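By written order: A, B, C, D, E and F. Residues from 1 in each chain.
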């Protein structure tokens, strides 16, 4: 099957900020995104886990976004502005997709 | 540690179709796959979330599958046939693995 | 936005071993990691699902870890020692990050 | 008329409706209030288990009459027939495509088990008896509507260069028949029937006493989902479609009223059959539609069923149906 | 004095405190005991729904007095004022930065609903009456403290080249006001009020009978979280900060004692107001701080609120507050 | 004999067994019925908390006898000894490897708490008293079997060029001892003991009244898991292994019968000890085996324990054990 190059952006962001991030992504008119739950983690600010938590302050979410290569930089800028002052992580991977027009 | 090139296929597919997809993957004799829950998302058909849902119609799952490079195309074809008429997404990434014989 | 190359290590490991893996990662002084829940899967030892389970013996977790390219091999060695005798999977992908100093 | 209004007013101010309204309002106002998916599913399982078991225990006590058979046949027939009416009504008054109209129609032939529960809760409050086996009728009405809808689509398509979509493959058939809500309802019904009042006594403190409270919490969640649906997807519903979402329950209810009286159900039983006919599915049918009719837009059928018809039935419909049943049968 | 000790001893050996201690000990010992997040959230929703509803039904029965208005105003004022005291105390005795001190201060102006529930459970056991509307006071005290904290930060920053952080944007305002616990408390309170004792009778078997048991299970979870926090993050708490975590509740309680008697609350009502003043938030405020003051270290405020002040209030504080209220008002 | 059959028949038609059968059948028929993991874990925590607490409250009421100590020692010894029998039986009749046989053996020395609960539920129905402290015996029997199994493997391996696998490191020891079910059982037992009947009265409406119903729902889930296991993994179980899954409970039960009467337990207590000996673990031991004996195939031990022995005990075993205990001790 013929595939076309695209970019996969993965953002890990603290739960209270998720809605702000998705709002910014919506405004940037991204082709779509998917939010995955995160169970636990560790970073500069130490370990945490979601088990038994009733507060969402300590939780994280993973946001995965596939887009055309030429859109990646703009989306990254928009996302980064939300993530930068907060706990979080952004990484970008090259990937291939089947219907490139869907990711413009 | 010595690593070998392989392919990582990531499929996001709506929940009611998951079993059909995994059946097709089983039939294609894939080396394995892993299903991750998806909490929320947005795409051409608008935003959705899993919170409070009792219906699985609106939910999605992420299926991750690592395989040898030469098997990727065949697996992709098989998976794509299930995904194509439905809401969903397929992307492929180059990756490295430690024991290549496991992914044949 | 300027980005820098890094490595994304993804480990799928059975639930009873998770704490041993994260302990080893902590000892290897990794820059951080994120644990995602896994809902179901299939491999050489057949299919499984988390639904309704009260035992954690059969469950899996996905651990994602982004690190500088020169640290990947060492971390991989450390992780692999825990994963090797058990059910699990390690894959490495090239990725790009924004603040490379965070992943040393 | 006065009695109807009194009934409706009492219903509108019941904890059930108020918790639903709370959820609806919270979602509309974009509050972050939400019930975890696992808890919502747990409550849904609890409600199905409880009403199934109670229905079965009721049959164990009162004995099974010839009417059960009649009611099952009638339920299946209604579930299969209502989508036809719904489909042609939709095609006449709205601009929905054949596929979208058929998908919506399937939802209205099938049933909403929470609306059923809300009606039984109202009957309990009003002290009106009803046949325990109605829960089996509810279970049997889940699926036939799906077949009708697929038949409608394949019929419409056979004219042109139809895709192979819209066909009921055996796999889907099995999935629909062994759908979790059908299995749980029928299973708990059978267990209630086998173990009877003795079994009921054993688990009464779990499935009877806290039932009303769990229902309130579940309706809070339904309100949140319905409100979120209306907030995000109202744009998919043209005015004629919304109108359909209110008209169709009334048409269904009238059919249920006629058939229920024909087969000699009690006043409470008729009210329940009306409710089943009037309500629209939001669990079994949407999942089946995603598989069988993927081109149909889920934002239309889910929003209509959950955001329009469910609230209508819960707030106004069920009081009306009970009043009508009392008027005709009482 | 003897009475206080008896009360404290009875409290220390209550299932509530013992289950909390079990969780705390299990977490400290690194047991893998844990409550799923969804179940913990479900219990939290249950507790909010139950106390809201019961409070509202209480108001429906006893009528609403002028005092409700007074108590709401007093609660809001206390929530806004306490962070000022907390902030200056912290800056005086500890080395926390302005931002960290302000973030901690916000938590102490706001409230912990589980501490509130533990106090009502103690009052029920002791047979002391209290005003049903105190639950509305609890709801109103959630938010004002956040505003004070942000004001403190922006004040401190205006001297230098301040970042734009620490500002309350309208979006955050809406989020805080429509926070899930506020919406649920106030919503259930209103529904309890509207449906009154009749509504309560309907769902009593759900929200009243099992309440104490659910609370025990929830406190087990709180113990697990608190213990895990202390295990992993004790290092972030310097001794003066820990001292603050025990002193501040006492200061808050004394304020609550004074104000509660001033506005003429009953002995039980005063004890509750003291508890609200003495307790520190761990749901609404931390989330708001992550948005508005991201530089503040969550390990400090969460560990202090959950690992120090919550256990102190649960084990020692609430007995003390009730005893003091009885001493002054009885 | 007649009494046994009557007991067995009553058990087979109890809601407990029927809900288990419903789950089993649904899974075999590939229904999509499933209980969310979080809800299943929540129910499991509830059951452990409830039986622990009730056991402790029972001890508080009846006083603690010398027998508790005896029973604990006997339980630990049985848990350590049974794997030896199981191991040599398996090696004799099946072709399982040393590692697989040892892993299976560990499961049969340890216990299944739900089987324990099913037995106490049967005793309650039959009006047979039993010692509250049996729940502590259950807790103590969880772990020793694991040590025996690891000893068996290291013994077998020391002959050749053994890997370093199969050793009990201190970390695993801590994990096993502080396993969530042990902590919760013992913790709730202690709290029940400390707070006594007064504490029980407080939370009775949560841990006693709905208990039977929650157990039914939990058994539905157990049925689903067992059925799914049998469907997917029956192929891993050779006929001799399946035979073992039915024989071993009987051997264990006879041992329990002898020891229980030797140490002078009541008829109900003996029946429970038999059940503990007869049942096989599916929570604590599988997790420990994954860590300590990763080469052992989980499809064998999990399917055998959950798919063969658990259903056997639930449907036939427990009636038999009670009947035998009554025969010998009554």
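In this text, a residue touches a chain if its C-beta (ideal position, glycine included) is under 8 Å from a C-beta of that chain, and two chains touch if they have at least 3 such contacts.
Predicted model, so just to flag it, every value in this text is computed and none were measured.
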Spell out the chains that contact chain B while also contacting chain E.
A, D
At the chain A/chain B interface, shared numbers over all numbers used: above half (same) or below half (different)?
different
What is the chain whose Cα centroid lies farthest from the Cα centroid of chain D?
C
What is the distance, in whole Å, between the centres of chain A and chain D, each centre taken as the mean of its C-alpha atoms?
38
Determine the centre-to-centre distance between chain A and chain F, using the mean Cα coordinates as centres, and give it in whole Å.
45
Listing for chain D: what residues touch at least two other chains?
34-39, 41-42, 209-210
Contacts with two or more other chains occur in chain B at residues 36-37, 47, 93-94
Every touching chain pair, please?
A-B, A-C, A-E, B-C, B-D, C-F, D-E, D-F, E-F
Using the touch definition from the top, list the residues of chain C that touch chain F in their complex.
14-17, 20, 45-47, 49-58, 85-87
Report the residues of chain A in contact with chain B in the complex, numbered from low to high.
1, 3, 6, 8, 22, 25-26, 31-37, 61, 64, 66, 93-98, 102
Report the residues of chain F in contact with chain D in the complex, numbered from low to high.
13-15, 18-19, 22, 25-26, 29-39, 42, 125, 209-214, 216-217, 220
Complex contacts: residues of chain C adjacent to chain B
10, 12, 36-44, 47, 60, 62, 73, 76-77, 80, 89-94
Tell me, which parts of chain D touch chain F in their complex?
36-39, 41-42, 45-46, 49, 53, 174-175, 178-180, 183-184, 187-188, 190-191, 194-195, 199, 202-207, 209-210
